[in-house]
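Should a chain be cited, it is by its letter among A, B and C, assigned in written order, with residues numbered from 1 in that chain.
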Amino acid sequence: MTSNASHAAMISFKQVNKWYGDYHALSDIDAQVARGEVVVVCGPSGSGKSTLIRTVNRLESIQSGTIEFDGKDVNAPSIDVNRFRSQVGFVFQSFNLFPHLSVAENISLAPTTVLRKSRREARERAVALLERVGLAARADAYPGQLSGGQQQRVAIARALAMDPPAMLFDEPTSALDPEMVGEVLQVMKQLARDGMTMMCVTHEMGFAREVADRVWFMDHGAIVETGSPDAFFSAPQSARAQKFLSDLRSH
Amino acid sequence: MKLDLDFSVLTRGDYPQWIGHGVVTTLELTALAWLLAAVLGTVLALMRMTDSRLCKAAVAAYVEYHQNVPMLVQIFLWYFGIPSLLPESVQAWANAVGGEFMFAVIAVGLCMAAYLSEDLRGGLRAIPRSQYEASRALGLSYLKAARLVILPQAARIALPTMVNHTVLIFKNTSLAMAIGVAELTYVTREIESQSFRTIEVYLLSTMVYLAISLLIMAGGAALEHRYRIRTR
Amino acid sequence: MSDIFSILADHGLLLLIGQYPNGPVGGLVLTFVLSVLGIALAFPLAVAIALARMSPFAWLRWPATTLVYLVRGVPLLMFIFWVYFFLPVLTGQAVSGFTTMLITLVIYQAAYLAEVVRAGIEGLSSGQTEAARAVGLSYGQTMRKVILPQALYNMVPAMLSQFVSTIKETSLGYVIGVNELTFAASQVSSTLLTKPFQVYAILAATYFVLCFALTQLARELERRIARRRAGVTPSRRPVRSATPVLTDTPSRP
């Protein structure tokens, strides 16, 4: 939801296919996320949405097709996978903070080891990011001392520490108690308003309606339907999308 | 039952020296065996982490052998059995430099390497996969992820069992007396057979063993506390 | 290799049953008898020690805790010598090496087993105790009818492991002249003089086969119990991960 969307795609999938043995996990994915765009990927469980998002930073491999990130082929042999990953912000469903490091150390880890920034510089940046997510006071706390919502916000700050051009979210609020979902969505909405390119796998329809530019609906490994959030939620075209939305609303 | 305790006997003549020598030998045995076990144990644990089936099978066989054969028998095999396979010159050299101590260190060290490697392996397996994924997702290489994220956590998890096994190494040094190493238990028996002050000398040795074991356990607890993963 | 066979042929019987029938039973059979008796007698003592450790009464708790710490901190060999010298003093009569070993093993194993029992009892969810007390069972009845049966079932693999430890510990009988397997082997070796490696290799192999078989049995039982438990209790996933953590190509299980 920004006015700065340029024409070149930030993330693009071209004829992407993935199999787990005989199971066709992703089939013929063709889609693009433009710069500054916020895309929400939804669908029933097992539809491949998490798998799709994990192929972007190579946490999952693909058997055919091309994925491009910021103009570069993600699976090109010449790419330094570590350098590359450090430029893609990824937020996990289960936060995955490092319990033996403090919050500030969690955020500073990648900048100091991959970018070789100085400890002081990295810590200043960490504190600035923590302010952005509303946790500046907990810089020296340990993950085990924080609530789920706080941990996820730290995880977002950790991903932002590398100044990535785009952020990927894999069901960021699914593991949270309901009362903490809001604080995390708040951070994500602000990121979207600040112009970040985002690809989010989520069930949070309110979030999608507020900040998403487009919704991709997936089922059985394929993107079945895409559209603007308003169009998708009020009048889904495909039968499967209709069933999915009615199931979602009925609980 | 008349208890005629006379601890002063232990302060006469050479006895204090003997006891001191016994304690020192025990500590030396423990330290050297521990070093051997720690280094070899780490190597074995890392070997088991590789993709090579040969490596994994070799380590598994090593661990099974050392955990299913009694420590005393392993010591005998090394001290009585192995030298007979070595050439004469090596045997002579071993005898000259006090082979008992050396073989005791080797036997205890190699055996406890199996236990320590299992401890490390348990620690590594307890780290959820997601920790590794998260560190790779940030851009850390395999080695950096291992060094900064995985191993620190694995070591914390393995620490309590490793402390227990360190105490076990310390206690196992007493078995070296069976091949003539003049460690504390051996010295205790010598003094007892000469002075007939059975209770006194055994009490003293028992107290020494207990004190050092408790020290090791306390040290371990302090380490655990210092490096614990903090939660609410 | 042929050495090994000839040794087994000539002295195998000695290793197996010692001097019998020209003397008391020895060798592997004695090792086995010592181990089985040791763990069997240690078990009830272990339950008592475990309950004492967990008791709210200090006069029960302190002696039990002291014993456990003594056993953890003092080498088994020292224990053997204590019993060896002081049992005759206490009873006023000579005590055989066998009895010495047996008593030492019982006490030593009871202390370790007590920790196993304690872990087994504390590993059960407190909900079990609460439910039993809620229907009116006393502490003793709760322990006997609800807690211990479940805890003991879960502990069988750990107890088998302790049995294996006991078998290995019988080898220390060598030091006080008990004619168990290790002592028998050392006698064979001193008779033959020139084949120590072969004799001690046979010795190691014998222990290995026996202990390894029992360890594998314990592991199999552990697997079965874990499967059983998974169906009954609200799931707490086992820590074991199927894929090694440090392989280079992460993939979804």
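Some observations on this one:
Following the convention adopted for this analysis, contacts are C-beta pairs under 8 Å (C-beta built on N, C-alpha and C of every residue); 3 or more make two chains touch, one makes a residue touch a chain.
Everything quoted here is computed from the prediction, not taken from an experiment.
When chain centres are defined as mean Cα coordinates, C lies farthest from chain A. The most central chain, judged by the distance from its Cα centroid to the centroid of all protein Cα atoms shown, is B. In whole angstrom, the spacing between the mean C-alpha positions of chain A and chain B is 49.
Note on chain placement: the centre of chain A and the centre of chain C lie 53 Å apart, centres being C-alpha means. Remark: chain B and chain C have CA centroids separated by 20 Å (rounded to whole angstrom).
Taken residue by residue, chain B touches two or more other chains at 131, 133, 136, whereas all remaining positions touch fewer. Multi-chain contact residues, meaning those touching two or more other chains, occur in chain C at positions 250. In chain A, 59 are the positions where the chain touches two or more neighbouring chains simultaneously.
Per the touch definition, chain B reaches chain C in the complex via residues 1, 49, 51, 64-65, 67-74, 76-77, 80-82, 84-85, 124-129, 131-133, 136, 142, 146, 150, 167, 171-175, 177-178, 185, 188-189, 198, 202, 205-206, 209-210, 213-214, 217.
Against chain A, in their complex, chain B makes its touches with residues 130-131, 133-141, 144, 148-149, 152-153, 156, 227, 229-232.
Chain C meets chain B in the complex at residues 69-70, 72-78, 81-82, 85, 89-90, 164, 167-169, 171-172, 174-175, 182, 186, 189, 194-201, 203-204, 207-208, 211-212, 215, 239-241, 243-248, 250, 253.
Listed in rising order, the residues of chain A touching chain B in the complex are 57, 59, 82-88, 90, 92, 94, 96-100, 109-110, 113-114, 142, 144-145, 158-159, 162.
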